[in-house]
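Below: the structure, in structure tokens.
In order of appearance the chains are A, B, C and D, and numbering begins at 1 in each one.
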Amino acid sequence: MDVRVQAEPFDPGTEAAAFTAAQGARAGAVVTFTGMVRDAEGRLDRMEIEHYPGMTERAIAAIVAQAAERWHLLDALVIHRHGALRPGAPIMMVATAAAHRAEAFAAAEFLMDYLKSRAPFWKKEVTAAGAAWVAAKADDEDALRRW
Amino acid sequence: MDVRVQAEPFDPGTEAAAFTAAQGARAGAVVTFTGMVRDAEGRLDRMEIEHYPGMTERAIAAIVAQAAERWHLLDALVIHRHGALRPGAPIMMVATAAAHRAEAFAAAEFLMDYLKSRAPFWKKEVTAAGAAWVAAKADDEDALRRW
Amino acid sequence: MTVLDVLYFAWVRERVGAPRERVETAAKDVAALIAELRARSDGHEAAFADTAALRVAIDQELAEFDAPLAGAREVAFFPPMTGG
Amino acid sequence: MTVLDVLYFAWVRERVGAPRERVETAAKDVAALIAELRARSDGHEAAFADTAALRVAIDQELAEFDAPLAGAREVAFFPPMTGG
């Protein structure tokens, strides 16, 4: 289990390759999720991500431990960036390895739902017109109830 | 949308990196699934995968088109190997790109459920003790009903 | 009478002893075709003994056992699929 | 009286005008602490005007507004989180 909270960029493909290769023949299924800075209208200059050093790592480690136990994960990885990110840049990724696909998918979705609403990150969008904090979505809070 | 049915090995990390990079800033979420030859007990010599050339590509293309429309996918990739595969080797992968995580996850799970039971592949496990066709699981048939 | 390409996969292929054969038939539907194929050899008989364990595709589309064969050119028999 | 490190994040930090401050307080719970903090400045008042929009963590664990502060060393206020 590996949790990294970092300002530095990361390459999701390189991480996915290393994670998958590390599983050997124990795992039958690896799921990865990569979240990118979205800017469909091309109006974003950058996304600024603030976090709560210390609590961030604790909160994520607790979520990962919960997922690992519930879905018998063979391995899990969470990487989350903070600082200023350009449109299209990977913000974060989650990877899960399990014997079968249902566990790997469920654990990855659970981790994402918890990271969205329970890990202390705050996103701010900066455009030519100014800066605005991204509001939490009711959907994201609702998503937690299914677990 | 890209569908590849091949005997050659592939590298899930390289594919994931290329797929993610190709999305630019339109996509907010990329999900990948990689299925590997599992051999927890170390008794497997190889997995042999037979398929129905022609029908395989048609069936997968139809499944991908359905997923793309239903979840507004920006992109999708399916790679599936046939022939003889060693323990730990990637058998297949699915990647989906969408604006938001829920769509990317749902489409990837849907594609996996359909590939399991509706794409014409058959797996045979070869051990020192002999060879046996893998039986379809009732679970896999049930998994289709949720869609 | 029409001529069909009949294809076999996985253990169906192994029991029949061949991956494909050309079959001249007047069978109206899949079930009638199966009845004809079973009589061909002991291997065919073994392959078609339990049709509940079989799936069929007509011209590369999954079909039911009562599907008509009018216009069909290729019929394939195989066990439930185990992809992914 | 105890001394707490009080931390602010995102727009709470911007309104207060500082990322953290040391606060000497006898507040028994989070709600009482908020009542004291609001009186510190117009910025604090703006930050705490709508507590429904706020979340609180005590010693880096999410907590409720009626949580006791006994033994606490670090209290953080911030908007709902938007990670992932």
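Observations on the model:
We adopt the following convention: a residue touches a chain if its C-beta (ideal position, glycine included) is under 8 Å from a C-beta of that chain, and two chains touch if they have at least 3 such contacts.
For reference, the UniProt names are A, B = Molybdopterin synthase catalytic subunit.
Please read these numbers as outputs of a predicted model, since none were measured by experiment.
Separation of chain B from chain D in touch steps, taking the shortest path, is 2.
Greatest Cα centroid separation from chain B: this falls to D. Centre to centre, using the average C-alpha position, chain C and chain D are separated by 72 Å. Put simply, the C-alpha centre of chain A and that of chain C have 48 angstrom between them. Work out the mean CA point of chain A and of chain D, and you get 27 Å between them.
In chain A, the residues that touch at least two other chains are 35, 101, 112.
Residue positions of chain C with contacts to 2 or more other chains are 84. Every pair of chains that touch is listed here: A-B, A-D, B-C. Taken in their complex, chain A has these residues touching chain D: 35, 50-52, 54-55, 58-59, 80, 91-92, 112, 115-124, 133-136, 141. If you check the complex, the residues on chain D that touch chain A are 7, 9-11, 13, 57, 60-62, 76, 78-84. In the complex of the two chains, the chain A residues touching chain B come out as 11-18, 20-21, 23-40, 42, 44, 87-88, 90, 99, 101-102, 104-105, 108-109, 112, 143.
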